[in-house]
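Each of the next two complexes has chain A plus one more chain, namely chain B in the first and chain C in the second.
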Partner chain A sequence: MVRIILLDVIVPVLSAFIIGLLFLGIFRKVVARIHWRYGPPVLQPFIDLIKFFGQKGFSHGFIFDTGIFLSIAGSIVTILFIPFAGLCALKGSGGLLVLLYLLIIAPLGMALSAGESANPNASIGISRKLILSIGYEVPFVLIILSLMFYYKTISFVEIIDAQKNFHWALFSPLFLSGISYFLILPAMLGLRPFDVASAPQEISSGGIVEYGGQYLALFHIEHALHLYIYLSLFVNLFLGGGNIFVFLIKMFVVFIIGIFIHSVFPRLRIDQAIKYLWRYPTLLALLGIILILIFK
Partner chain B sequence: MDRNKISKWLKEPGKMSQKYSLSVVYFCTGCGIIEIPPVITARWDAERFGVIPVASARHANLFMVTGYVSLKTLKAIIRTYEQMPEPKYVVGFGSCPINGGMYWDSYNTIKHLDKYIPVDGWIAGCMPRPEAIIIGVTHLWTLIDKGMAKGYVKYRKKYKYFRQNQEKLLGKLPWQPAFSTGDNNE
Partner chain C sequence: MTLQLILLIGFGGAVLTYFAGKISSKLREIFAVMISLILVGMIISIYGKYSQEILTLGFLDFRIIFTLNRLSWLFAIIVSSLTFVTIVFSLSYMKGKENLNFYYMMMIFISVSMLGIVFSGTLLLFYIFWEIMSWSTFLLISYNKGKALSAGLKYVIMSIIGSTAMLIAIVSIYIKFGTLDISAISQNINIVSFNYITYILALFFIGFGVKAAVVPLHTWLPDAHSEAPSPFSAILSGILIKMGIYGFILIMYIIIGIKISLVLGTEWIKFHYVLAWLGAISILIPSFIAILQNDAKRLLAWSSIGQIGYIIVGISIGTGLGFIGGTFHLFNHAIFKALLFLCIASVEYQTRTRNLNQLGGLIKKMPITFTGVLIGGFGLIGIPLTNGFVSKWLIYKSLFDSNQYFLLFFSLIGTWAAIFYGYKIIHNIFLGQLPEKYKDIKKEPLSMKIPIIILSFTVLLFGIFPGLILKYINNLGVSIGFQKFNVSIMGISTETGMLNMLNIAFALFIAIILVYLIFKIGKKKVKINQYDNYGAGSYIPVDKYHYTTKYYDPLYRVIRPFLTDYFDKFYSWIANCVKSISDTIRKIYCGDLNYYVIYILGFLATIIVLKIGSKLW
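Moving on, here comes the complex of A and B:
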């Protein structure tokens, strides 16, 4: 029991927090180098986090305080379902099906919290974020369905076991679904072609416009966990997981490609984003399901 | 630059993080804003010192007033300043916020910004070069280190003085006082 709590619960959540913040630092550094700038130190997100906790934020009501905690709680529970280098606290229960429901809790908590602040920019930001999540959840459900068809299981651990010794899902009949997941990954992470929800130049950072001090710190923690969840899902489902070093290297490579896409593309409007998400990734995911029905 | 000294981080993490993570609201009041884009882009990259522009006053802890301050802008400046979370620092940029500059006899600009909000530091010049902004940041670090950048405490303590000056200039202000002014005449 103690081992489960210590090893399977605390280690994945803590490392998700640290990995997420480190990746945000690397993100800022790599973007700076692509701009031919020197860039901030890699530990800058940690410095920011300490600063935000030292500031005195303004509360806008009860839901404003609790919504952000709901969002973090949703992210933490999701992390407990995802295997982190062999550690998985809730491997016996639910798997992919529960994950589909859990993933919507984090954006909903943010929406509740930002809605309470009653700022027009926040309303526009959260409406864009929820529309975008509808946009990427359609191909995402199709991808999860194709995985469940192919491996005949809903368990994460069994899917990773089936991909041992380089039998990655990306190089199996599932490759169309893998490409489709990669195409919607920037929308999930909020990277540049799809950063309409947090556009600082248009709508003053969207939903987080009224967050100051500790609230912004909590949002940054949530952002880091969110980054970890979607990257580790891709690595676990399509690149075969692995031990801790292999896992981190795979996540890092996927994230670096995401940063390159982020730094060269301009921002899409929300209607263009939905048009893209419901056309190419959805079509690829549907073709992937057909391919699996033929080959299996 | 003592950003990598772990002993200082352990001793006073609040002060160190305030120093090395300055989120700035560049308040575009006048011509001074033209010197800001070179500072935050590739030539004089201010992000390597942790100085980054933010879009909302709630996220910021450094307020940079760039250029002359007209009466109409002063209202927005006061409201922006009161919305920022403490601790917060203000830097006046250019000659005009210091003493009026070339607008010293204008009917529509103010001459001394520090009569209306507390100002922690000034960058003189018309215009200051982008290097001057980076030197100003290092001076602000020194002030924070020595505990001298306490403008926000002064604003809380002497709020009556600031509010009186604001009301003398702008008439009756349409927003509530941020702190108690000490009298019950309202």
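Moving on, here comes the complex of A and C:
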């Protein structure tokens, strides 16, 4: 029991927190180098976090607080569903079908919280975020379905077990779904060209415009966990997971490619984004699922 | 004896309520609440006493049988308890409206007729109660007059088409079997051919499909739900459309039996898969249409069609898990949709509008209603820890187990549409800025708070401890002939995966507490006014504009062409054709005696000409 709590619960959550923030630091550094700037130190997000907790926060009401608690709590529970280098606390509690629902909690909590901030920028931000999410969720659901039907299970751990010894899903009939996942990954992570929801120059960072002090700190934690969740999902589902070092390296490689895309592309408008997402990734994911229908 | 007593008390009570209202309005309200409470009590008291009551007194040589089985008790308890809750809610909502004696009488009357439907042991009785329900529903939908009249008319026309189809089926069954007793028919079902059963099922499908609002028979629902008095909308959406589902379960699994109804159809197109696909279409398109609505009740009405789709998919997929999921979702939808309708009614009562583009910021004024909408909306979306999550998980799992790729895809995408309209309803009414004109709104009256609190509590209760009801539904499935599952109080386990709500609930609670503690590390927060926020150097104008108008506009532009309700247009086209044909006929029958004389003379002349002409030829 103690082992479960210590190892399966605390280790994944804590490392998700650290990995997420570290990746955000690396993100800023790499983008800066590509832009021919020097950039902040890699540990800057940690420093920022401590600084934010020292500042005074302004609250707009009950849901403004609760929404963001709900959001992070949702992310933490999601992390407990995702195997971290073989550790998975909630493996027998409903699998991928529950995961699809848990992924909803975090954006919904943020949306509720931002909704109460009563700021036009926040409303525009949420509206864009929700529309973007239906954009990537259509191919995402298709991808998850193709995985579940290919491996005939809804259990996360079993899908990873089946990919041991380089039987990665990316090199199986699922490769189309894998490519599709990679195409929607920037939209999921809110990277450019899909950063309409948080466009700082247009709508003052959208939903988080009213956040300050500990609220901004919590938002940064949520952002880091979000980054970890979607990257680790890709690594687990298509690149076969692996032990802790392999797992981290795989995540890092995927993320670096994401940063490269981010730093060279301009921002798409929301309707352009949704048209793109419903065209190419969805088409690929559909073809992927048809491929599995044929191969099974 | 008890079943007859329940119906007798119900119908008698309804009439008594009417006359009590003639004496005093207080007495009428006490009567209405007491009678609905007595009904709940009596139905709880007959839990587990499954029996059959044959009345010695016949009707046109038909036997009158009342039965109580697991299925009918489940529906009876939903019907009676929701009626009680809505009647309590009506006490303050309907205050000051006219014709209240009639309103309360009809409320009780409709729910007792629904009890009659679920207790009937013969198809004749079933049909009689069905018609009582349909007609009295029409009277209450049109209660508000004006637009409500045409909504009611639309409902009643579709209802008549449905019940005519059903009547043909019942007569045909009587000719074939010589009896209308449900148990007798189900025992002798083997004597007829599969083609005949398919024909009967198709006829019943029209009857029940209209009531359950399955696409393409859904067009009456959005008008009727939004125009009816709000507490009655809760009944309509919560239980009345579920009677169609009761009919489906009754005809498919009790009368015909699962062995036959799951093999009907050709090798490629099975009847129950056709039903499941109609369910999937009912999920997908109406859920997206719901996003476009600006009237809160109309939005919920479209969402009801979507949620009915889940139930249809669940019960018609033909596996034990699907049946449990569908039936559980039916139960859950009744609770959270009634909750949402009552909350909207409460908002409408305070602000006199339900236009989503004119409300906002009401969370500060109506916290209880907000909590209700939040929990109800979460149930609708299916966020873990609400009952909607468990039932949707069961439906998804059953679709996964029976390899229905695209049905599963449609159901999951329907959930995303639910997030959209669920968030829209929460955000546009309760979040954002509070308009100046709603500054002085009072808190909700007690009789509105109680139903909202009860229903919210139930949503969470069955979300965290789904086993309370799943055990019952599991036994119901077994009694019909489905597989038995291992149900614990916290969840359900199957061979290919299990659900455990305890883990999820525990993890979520601990996580929220953890985040709260982290939050507490920071400095003390400062509460600020709604106008005290960032506007890039300029201030946010007061009441100048409402920034939730056209909330999902970029999405509209992409999906709008796909979301026209072609069925409604098609029916309107038919109605117009019938009207123009009738108009042409009316020109002949103008009612003027002179014209009729000319017609008669003309007719005679034609005959004479023909007679003589044929001779001459």
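Going forward, the second predicted complex is superposed on the first by the 296 of 296 C-alpha atoms of A that agree within 3 Å, B and C clash if a C-alpha of one lies under 4 Å from a C-alpha of the other, contacts with A are read in each partner's own complex, and residues count from 1 in each chain.
In this text, a contact is a pair of C-beta atoms (placed from the backbone, for glycine too) under 8 Å apart; a residue touches a chain by one contact, two chains touch by 3 or more.
Keep in mind that what you see is a predicted model, and the values were worked out from it rather than measured.
J.: Based on the shared chain A superposition, would you classify chain B and chain C as clashing or fitting together?
T.: fit
J.: Check the residue A:Asp271 against both partner chains and state whether it touches chain B (first), chain C (second), both, or neither.
T.: In the superposition, A:Asp271 contacts chain C only.
J.: For A:Ala217, decide between first (touching chain B), second (touching chain C), both and neither.
T.: second
J.: So, A:Val77: does it touch chain B (first), chain C (second), both, or neither?
T.: Once the two structures are laid over each other on A, A:Val77 reaches chain C alone.
J.: Contacts for A:Arg37 in the overlay, against chain B (first) and chain C (second): which applies, first, second, both or neither?
T.: In the superposed model, A:Arg37 contacts chain B only, not chain C.
J.: Which angle, to the nearest 10 degrees, do you get at the Cα centre of chain A between the Cα centres of chain B and chain C?
T.: Here the answer is 110 degrees.
J.: Quick check on the superposed pair: does A:Gln55 touch chain B, chain C, both, or neither? Answer first, second, both or neither.
T.: both
J.: When the two structures are laid over each other on chain A, which of chain B and chain C touches more residues of chain A?
T.: After superposition, C is the partner touching more of chain A.
J.: Quick one: smallest Cα-Cα gap between chain B and chain C in the superposed arrangement, Å?
T.: After superposing on chain A, chain B and chain C come no closer than 5 Å at C-alpha.
J.: Taking the stated contact definition, name every residue in chain A that is touched by chain B in one complex and by chain C in the other, in rising order.
T.: On chain A, the overlap between the chain B and chain C contacts is residues 54-58, 204, 209-210, 213.
J.: Tell me, which parts of chain B touch chain A in their complex?
T.: Within the complex, chain B touches chain A at residues 3, 13-14, 16-18, 20-21, 23, 41-42, 45, 47-48, 50, 52, 54-56, 58-59, 61, 83-87.
J.: Where on chain C does chain A make contact in their complex?
T.: Contacts found on chain C: 361, 363-364, 367, 374, 381-384, 389, 392-393, 396-397, 400, 403, 405, 408-409, 412-413, 415-417, 419-420, 423, 426-427, 431-433, 496-500, 503-504, 507-508, 511-512, 514-516, 518-519, 521-528, 530-531, 533-536, 540, 547-548, 551-552, 554-555, 557-558.
J.: Spell out the part of chain A that touches chain C in their complex, as residue ranges.
T.: On the chain A side, the touching residues are 52-63, 65, 68-70, 72-74, 76-77, 80, 89-90, 92-95, 97-98, 100-102, 104-105, 108, 111-112, 115-121, 123-124, 126-128, 130-131, 133-134, 137-138, 141-142, 145, 148-149, 153-155, 204, 209-210, 213-214, 217-218, 221, 270-271, 274-275, 278, 289, 293.
J.: In the complex formed with chain B, which residues of chain A make contact?
T.: 28, 32, 35-41, 44, 47-48, 50-51, 54-58, 200-201, 204-205, 208-213, 216
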